[in-house]
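Step one of this worksheet: look at the structure below.
In this document, chain identifiers A, B, C and D correspond to the written order of the chains, with residue numbering beginning at 1 in each.
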Amino acid sequence: MTYSEDFFNLATQLIEAGRFIDSKGWVPATSGNFSARLPDGNIAITVSGKHKGRLQLGDIMLIDKDANSLDGKKPSAETLLHTSLYKRFPEIQSVLHPHSINATLTSRLFKSEIVLEDYELLKALAGIDTHESRVVIPIFANDQNIPRLAAQVEQYLDAHGAIHAYIIASHGLYTWGGSVQETLRHLEALEYLFDCELRLHGVRTI
Amino acid sequence: MTYSEDFFNLATQLIEAGRFIDSKGWVPATSGNFSARLPDGNIAITVSGKHKGRLQLGDIMLIDKDANSLDGKKPSAETLLHTSLYKRFPEIQSVLHPHSINATLTSRLFKSEIVLEDYELLKALAGIDTHESRVVIPIFANDQNIPRLAAQVEQYLDAHGAIHAYIIASHGLYTWGGSVQETLRHLEALEYLFDCELRLHGVRTI
Amino acid sequence: MTYSEDFFNLATQLIEAGRFIDSKGWVPATSGNFSARLPDGNIAITVSGKHKGRLQLGDIMLIDKDANSLDGKKPSAETLLHTSLYKRFPEIQSVLHPHSINATLTSRLFKSEIVLEDYELLKALAGIDTHESRVVIPIFANDQNIPRLAAQVEQYLDAHGAIHAYIIASHGLYTWGGSVQETLRHLEALEYLFDCELRLHGVRTI
Amino acid sequence: MTYSEDFFNLATQLIEAGRFIDSKGWVPATSGNFSARLPDGNIAITVSGKHKGRLQLGDIMLIDKDANSLDGKKPSAETLLHTSLYKRFPEIQSVLHPHSINATLTSRLFKSEIVLEDYELLKALAGIDTHESRVVIPIFANDQNIPRLAAQVEQYLDAHGAIHAYIIASHGLYTWGGSVQETLRHLEALEYLFDCELRLHGVRTI
C-alpha cells in the first residue's frame, strides 16, 4: 500500500502528539487512540495495542469515513467514536482520546457532567473568549459495546448541540479540534481544568 | 525589520525561560506571556497565541514603552500589564506571567491575598534576607477589560508600595525582577511557596 | 564467563525497563529488582545494590531455575521470589519488582488486599477484556526472611490460583508477564489503578 | 589557583548530583548547598547564590576543615553546618542540603522530629538491615545565625549520638554519607519516606 504525503504528514503529527501526551502520563500501558482527517475525507488513526508514547509510522493506519480499513490493518475497537465525530462536525480534523487519571477521577467524583466556570484557561477552547463562560463536559457510562456507547454520545449531541469534549466514566477523555495542534491545546487546557476542580473539590468538601 | 543584538539576546533568554517554565507545567496550552526590557527602553515581548514551551525567535516581538508595536506584529492583549510595571519600577528588566495550577488554586482558596511567612525560601525574593519576613501577594479579580484590570493593579501599588508579584484570580501570576534570570528565581520560589501553602491549607482545615 | 545472545537481548531489555521505571520514580535509591527468563530456563536478574535507573550490562547476572549463581555474581536476597514465580507459571518470562510510593501507601491503607473494579485500564492486564471485572491484588506482610515470605506467597497462590501481582506491605510490588514488555504494561496499568484508588480513598473518606 | 585531580573528580560528582536533585524539584531558585571531603581533609563546596541544577566547575570552591576559603571564593553562609559534620564524623565524605517541599512540610506537620518505621526502604540508610527499625530525624528551628544553629545541632548530636539526617524547619534537609553516591541514596530514600508519611498523615487525620 502506498500512502499519500498528507497521510505521512498527519501520521507524524500523531506520533509527536503521542510522545507529548505520554510525557504527561495520560496514556499509560497501551491505552488511548488518536486520529486526524485527511483532505480527501479518509482518516489516519492509531492501530490497536501499541504504546502511544512510542508510536512508529507503521502504527498509524488508514480508514475511510465509515471506519473500513483501507490498508488491511486492524483499527482500535473504539474507531466508531472517532468516525461519528468527524461525520457530525465537518470542521474538526483531529480527535484525541487519552486515559488520564484526572479524567477517570473526574468521572468518579462528578458523575454525569463537570461544569467549568470562571477560569481564564477556558479561553484555550475554540470559540471561548472570556473566563465568564460556562463549559459543560458530559460524562457517559463506560460500555464495551461501542455502537451502543456511540449511540449514547449521538443522542446527547442531538439534544445539546456542539460541545468541546466528553468523558467516558473510569475510562478516558475524547476531545477534538480543527487540527492536531488545536486538539492538543484543548487537551492540555482540559487536563489543567480537571486538575483544578479535583483539587478544589477535595479541599472544599472537607 | 532589523533587530538589535540586545533584542536577540533577550529574546533567546525568553525562549529558554519558556522551555523551563513549560517543563514545570506552568504554561499549559498557549497561556502566559513573557517580556524583557532593552537598554533603550523598548520591550521584547511574546506575541499572542503561541505555546510558551516551544517559542521560536519569530514569536518574540518589539514594542515601545507605551505598548505600540514597532515591528508590525500583534502583542498579547495583556501587554498593558507589562508596560505599566516597567513604567512604575525603573529597576525591573523582565516580567513573567505563567498560568500555573498553584496560582489558580491559591486565588480560589485565599481570596484577596496570600501571606507568606517563616520560609527560608523567601530569601530568594530580592531584598529579603531572613525567613522572619512577611510577604503579601495580592490577588486581583480577573477581568477581560485589561485597562480596567491594569488600573486595579495601579491603585493597589499606589496604596501599598512595591510588591514582589500579584495573582489574577483563576488566571495566573505576574512576577518581575532585575533580569530574566532573577525573575525566574522569583517565579520558582513563589511556586514552591504556593505549593507549600496549598498543601498545608488542605491538611490544616481537616 | 561467556553469555548467550539471548542473555544480552534480555539484559538490554531489563536495563531499558529500569530507565523507564526510574523515570516514574518507582525505584528510589537502589531499591527494586528485575528478571527475565531465557529460552533454556535460566534467568537473567539484576545484581544486588545497584541503582535500577542506571544499570550497566555488568549489573545483570545469570542464575539457574533454582537461584544458583552461574557466573559467580551475587543475586538479590529476594531472588527466591522470582524463581518461585517462574516455577509455578511456565507462561511468564519476566518479573519486575519496583518500590513505588503508591504500592507502599496502598498496603498501609488497604491492609490485606486491594480490589480493582470498573476501570477500562484493567484491560491492560493479560486475560481481562472488560472493565466489568474484579481484580484482587493481595498484600503480604513484609518479612526479612525471604523463604518464609516466599512460602506465604505460595500458600496464597495454592488457595486462590493465578493472580496478576502482589504487594509486600510498606515495601513494593511484584508483577509479571509473558515478556518484559508485557510486564511493563502490567506495571504501568497497576500504578495508574493504585493512584486512582489512593486519591479516591482520600477523597471519599472525608 | 590550581586544583587537584581529587577536587575535579568530586566537583564533577557534585555538579551531577545537582542536576539529579534539581530534576526532582528539591533545589528551587538558588537554594541548597552541597559538599564533598577530599582525601587531604579539605572540602569542595558549592559557592553562594548559584542554581544547583546548572552548576559549572567554577561554582565549586575549596575550603579547609575550618571553613576558610582556600581559593578566594565566597562559600555559602551555611558552610559551618557542613564542616561541623565532617569534624564529628570522620567516616562521612559528603554532605547534601536540598530544600525540598517535603522536608518543609514535614517540619510544619511533625514539629520536633519525624519517626520512620516499618518501611523496607529504611534499608537504603547505612547500617539499617531490616524494616523493623526505628529511625528518628530531628527537626531544628530555623535560624539566620548559623553558629547558633550549628550549636543547636551539636548539642543534639552530643545527647543522641549518630543520626542519618536532620531537618531545619521550613528550610530544608541535611544528610550525609561515605561518598556523594551514598549520600544521594540517603537523600532519595528520605524523600520517599517523607512523602509517604506526609500523604499518610493527610489521609489518616481525616
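Everything below uses one rule, namely that contacts are C-beta pairs under 8 Å (C-beta built on N, C-alpha and C of every residue); 3 or more make two chains touch, one makes a residue touch a chain.
Only a predicted model underlies this, so the values are computations on that prediction, with no experimental measurement involved.
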Interface numbering overlap (same over half, different under half) for subunit A and subunit C: different
Fitted rotation between subunit B and its twin subunit D in degrees, CA, nearest 5: 90
Averaged-CA centre spacing for the pair subunit C and subunit A, given as whole angstrom: 32
Distance from the mean Cα position of subunit C to that of subunit B, given in whole angstrom: 45
Sequence positions of subunit A contacting 2 or more other chains: 202, 206
Interchain contacts, given as pairs of chains that touch: A-B, A-C, B-D, C-D
Partner subunit A, residues of subunit B touching it in the complex: 28-31, 51, 99, 101, 104-105, 108-109, 142, 144, 168, 170-172, 198, 201-202, 205-206
Contact set on subunit A toward subunit B in their complex: 118-121, 124, 129-132, 185-186, 188-189, 191-192, 195-196, 199-200, 202-203, 206
